[in-house]
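Below you'll find the structures, each written out as structure tokens.
Okay, so subunit A shows up in both of these, paired with subunit B first and subunit C after.
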Partner chain A sequence: MLRTSLAVLAILSLSTSLVQAQSAWTGGDDLPTSPLACDGTPATPVAKPYDGGMTTNAPDRNGKPITVVDVPKLIGIGYFDATSKGIAEAAAELGNMTATTDGPTEANIDDQITLIDNYITKGVDGILFAANDPVAIAPVLKKALAAGINVVGYDANSEPDARQWFVNQAEFNGIAKSLIDSLVAETGADASFAIVTSTFTTPNQARWIAEMAAYAAACHPGLKWLETVEAQEDNILSFNQANTLINKYGDDLKGIVGMTSVATPAAADAVTQAGKCGSIAVVGLATPNAMKPYVASDCVKSVVLWNPVDLGYVAAHVLRAVADGTLKPGDTTVKAGKLGELSVINGSEILVGAPFVFNKGNIEGFDF
Partner chain B sequence: MTTDHAPAFVAKRTGLVRFISTYGQEVVIAGAIIALFVLVSMVSPRFLSANNLNTIISGNAYIAVAAIGMSMIIITGHIDVSVGALIGVLATISGTLATAGYPVWIAWTLPILIGVGINAIVGALVAYGRIPSIVVTLGMLSILRGGLVSITGGAWINDLPPDFHLAQQRLLDIPIPIWFMVVLTVGAFLWMRHTAFGRSLFAIGGNIEAARASGIPVERRVVQVFMIHGAFAGLATVLFATQLRIIQSTVPPNLELTIITAAVIGGVSILGGTGTVIGSTLAAILFSAIGSAMIFINVSPYWLRAVIGVLILITVLIDMARRVREQRSAKR
Partner chain C sequence: MTWQKLLRHETILALLTVLALVVLASQSDKFFTLDNLLNQGRLMTEVGLIAVIMTFVIITGGIDLSVGSILGLVAVLLGVFWKNMGLPLPVAIGLGLMVGTLAGLINGLIITRFRVPPLIATLGTLALYRGIAEGISEARSVRGYPDWFFVLGQGQFWGVPVQLWILGVVTLVAAIILGTTVWGRGVYAVGHNETAARFSGLQADRIKLAIYAASGFAAALAAVIFVSRVSTTRSDMGTGIELDAITAVVLGGTSIFGGRGTIIGTILGLILIQALKNGLSLAGIKSDGTIVLIGAVLILTILLSNLFHRNGNR
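Right, the complex of A and B next:
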């Protein structure tokens, strides 16, 4: 009996230590991390062969005027209004591209497929899309490629071989660096902070936290992570959890990092109502609309995300480059107008660049 | 009258025994809260700081307020799974009114009336349409949730006027949410115990045929209790919507389940007929106390769900056992 209990205890302690070994910070996953250089030098892309699709019998479009349809996940929301604004901006700048945006009114994959199918029948030169479902959208995109139409995705990918290129708004390590750098800019490099996330197993949040831990260990070793708390996607629970962190750590707590658009504003509200603006920094991932009141009151200095206008702008430039034949499988960079030379990553993706930091100076220009 | 044992109807017993047998669940939960406070404060004295007590007690106040109405519904022998979505819709209405320039008191009170109106329809379908309440409220859940997303388009309200934030105010240095919770709980408790209307809810949930035979207008009462529940959902919305400076177009996931759980752990029999709103309010406080304790003593929040799950099972088992025992003694 005693022996059995000891064995059970041993196994239990082993399994807990294994769990601890997985990520430096609770809430991070155990996948390999690739922290960026502390000074922001772009990482050398890992060479990976082109894995995108190919058009069949596409006509020579080099320099010729082209018609492009942009099919976002849905229309009528600020986020995709911003991407289509970027696309229109690029089209106006290029001069030889006519772009229209047409998407489903709800984020519905069936409507999106029907819409794309209609445009294939109607005949366009290029399709830009943000997929509602990476797998379900693949057949109709392959049909477009087979009809000689150039296909480029942005925001939400499809299976790689169903499109030619995908414009990736931000990588996990880039977001992680931005969050930690924004935190350190406010609290100093030796501060203690806590994280409010949705759940420990939410894939994107877990990836970001693991990358944050790796980047902080490499570049800000003095930074002290206290703990990570879960708050689901629940605004009042996020507020309560942030309050409890403030109550628990008192003056030792110098920063809170929110990992979702629900957690970050709620944490900012907790800090505001506790009268701790200025002594506890709140940084986080969130949409600008969720953070405007807190940025306006100076309680939050930086909100990390990406710029959807730039995302659409790059997508349009990439489509033009593919149509012109200046972006070919195997290339490592592409020119994207005013944003300059961008890198190709993961075989057939283009990285827009470092994440965008919203602050008091620019946040009012965004509505999503 | 085998299951008719509302607090007010308990047969003559004396003093403490009678109190504990009537309010057993409430006593257990209050004891659990006190035990938790004592144990955690030994590890971390800051747990009992005024700020943290405020966080714990006011943190789930909106759940406690909604659970008052839910307790009445369950005691009457029904259920409402749409209340989370209703709170979301009412919060958006409240925020929209406030940003459109209406006086804040209209933004606070109109959603309460709308909650009453919507639940009058639900209650009528249940009572006169003879559709089970779970079916009606499941339908209402889809309507409200779908309607909310299509009308708001997922947009959040972030330009609320400063005087809108009632839940951030204090009266006599006590946060408004605590006032709401305490006054409404005590008021509802006394009303259910000491008025004919209140007692009829226990009678309907305990034995509907006996209630009808004794002259209670069952259908009308069911509609009325749904309307009262709608009012409490509206009052919960006032706290929910005014706590933060933004109103989201989504509600906390599983909010209706949290509210139902508070009622059930608080001692409201899921089969109807018994329970008090003191219990459901104590349960809501217990949840936030456990959540806070988990952070203070560094226990994984996964345990919170496990602990609440165990509490539900124990409560339901005790309820079943009590019923079996009472049925036996009734046969004797």
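Right, the complex of A and C next:
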């Protein structure tokens, strides 16, 4: 009986895995890609009507004090500490906004949904979120909109109609180009490399990987992708995964791309400990503080990111503008305090800026 | 009725739950509203379904750590059956439930045939089933289910969330089977003293097989409801849910060594945990503080119960 049951299960899993679609690189998503031009000519923006959601019977909050909860993917990591610092900064500057940060202790979608649900019951004026899953979070966000709560996303988007606006830290194709260009600058155009990501379904990482595959195919066709591994935004796991890659591919491995602010320093650490600095390049997304030791020791040459403090700062300003009614569907720009006028892209997203490459020359100027 | 009987674990727990409800209600006027309570019921259904059957498992002296992975596996398969293989959704749901039951049955077979301790057997399948789920899904999520499917996880029936009815029925059936039938007595007997139960002519292995299969089924049912509630499938769904379920069961007074426990205790345990999670959040306590408090409540309740029963009816 056991043998038959196991056999049935094995056949099921085999048969089902065959019908799955394959993408260029594992860990990328199936959405259409729009790689930038190889020489960096900016793409012309396409006008698109507002596709965000609407609140139902929201009270008039214009100029009135509002309470806002910020629900990041998880709490207790440097990146989201930086975004909540930016939110707090904006709230202090605005004066009529109270913001608290409360998120799940692990990047778990179910905990995040429950948390947001509780805040809807509690009754807040606004919700800022960074989604652990774009679709799974949508029902609870729609519930918030239906309760008249202003909803603005940052860092990781939901389905567009489940929130009003989304603050986009940098466009996916821009980040993808920066990462691949930095990699090629170090390893040459015919090198083999591997990717360490959080999970294959994490929306941002999946988007970046898909865009990287598209950009590499168009501009650096000699580049050889070996494998993508999952590391859950977990320090130890990221280190182990990077270590496994180094041992598995030996001299073939010329570069590791870290897709999360946890994976990149861990990969740099693994390369340092393996004594492979100089022969394996590490590029990736990371916060400067975590990367300073490796940049100082020349093991890492370039770190790609945006400024998460600015991201939180803009998110808070956008929420205030929506609550005040000064940011309406159809607007093409929004004022965000000290960062000035920012433009609206993709219908209902606000673009913070171009990605930033930290290197030995500039990294000491940043502290987050 | 003696003083000892009055202080049964369930009574202590019920008092604690009422106390918690009163205190939490005084902390936030949003807590004790019908909307919130029903909504909390919606959120605790998946853990509840698993915990009710987990009560049986633990009463036999066993444990099932693989339920979270079965949930993930069935969720992924549901999407694959429906989207990639093009089966009608009801058939996909039926197949998903079958796979879940089969996965539970395999746990039972490993435990009864090969005498592998349940902790180790299900620790193994915890990794195995999750691995299969991740392998099959290739980290792709399936979305875009038809609207009628969301009734299960997001709809209402007579003003009460649909899944709460399901939990109610499962709980009732489980309580009747465990509390009033001969088969239910057999479950306690196996947990108390398996050798004695065998010599008394009870088919201990059959009982265990049925229970582990039921546990797999409960996890599969929870998976279907979960997918309907969040409207997408992910292979990491249900990670850690086994620990939430076991916490509720143990808080409910079921002895981890087997032979003792009730469904009503488990339900009280569930309600207490959910009320604490929700109420503390509404009262403005952050989520890291809440989990600390839940841990403390678990230990405190067990200590209290043991204090009254030191020379009592255990």
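In the analysis below, the second predicted complex is superposed on the first by the 188 of 368 C-alpha atoms of A that agree within 3 Å, B and C clash if a C-alpha of one lies under 4 Å from a C-alpha of the other, contacts with A are read in each partner's own complex, and residues count from 1 in each chain.
Quick note on the criterion: a residue touches a chain if its C-beta (ideal position, glycine included) is under 8 Å from a C-beta of that chain, and two chains touch if they have at least 3 such contacts.
Keep in mind that what you see is a predicted model, and the values were worked out from it rather than measured.
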item	value
Partner chain in contact with A:265 - subunit B first, subunit C second, else both or neither	first
First (subunit B), second (subunit C), both or neither touched by A:227	first
First (subunit B), second (subunit C), both or neither touched by A:123	second
Comparison of subunit B and subunit C by subunit A residues contacted	C
Contacts of A:102 with subunit B and subunit C, given as first, second, both or neither	second
Which superposed partner A:161 touches (first subunit B, second subunit C, both, neither)	neither
Touching partner for A:273 - first (subunit B), second (subunit C), both, neither	first
Subunit A positions touched by subunit B in one structure and by subunit C in the second	76, 200, 230
Subunit A - residues contacting subunit B, complex	76-78, 106, 200, 227, 229-230, 232-237, 239-241, 243-248, 250, 262, 265-266, 269, 272-274, 289-290, 292-294
Subunit A to subunit C touching residues, read off their complex	1-2, 5-6, 8-9, 12-13, 16-17, 19-21, 26-27, 29-30, 75-76, 102-105, 108-111, 113-115, 117-119, 121-123, 133, 135-136, 138-139, 199-201, 206, 230
Complex interface listing, subunit C residues touching subunit A	28, 30, 33, 35-36, 39, 43, 77, 80-81, 84-85, 99, 102-103, 105-106, 109-110, 113, 132, 135-141, 143, 154, 229-232, 234-237, 239-240, 277-278, 281-282, 286-288, 291
Complex interface listing, subunit B residues touching subunit A	44, 46-47, 49, 51-52, 55, 59-60, 62, 150, 153-156, 158-160, 168, 240, 243-246, 248, 250, 252-253, 288, 291-292, 295-296, 298, 301-302
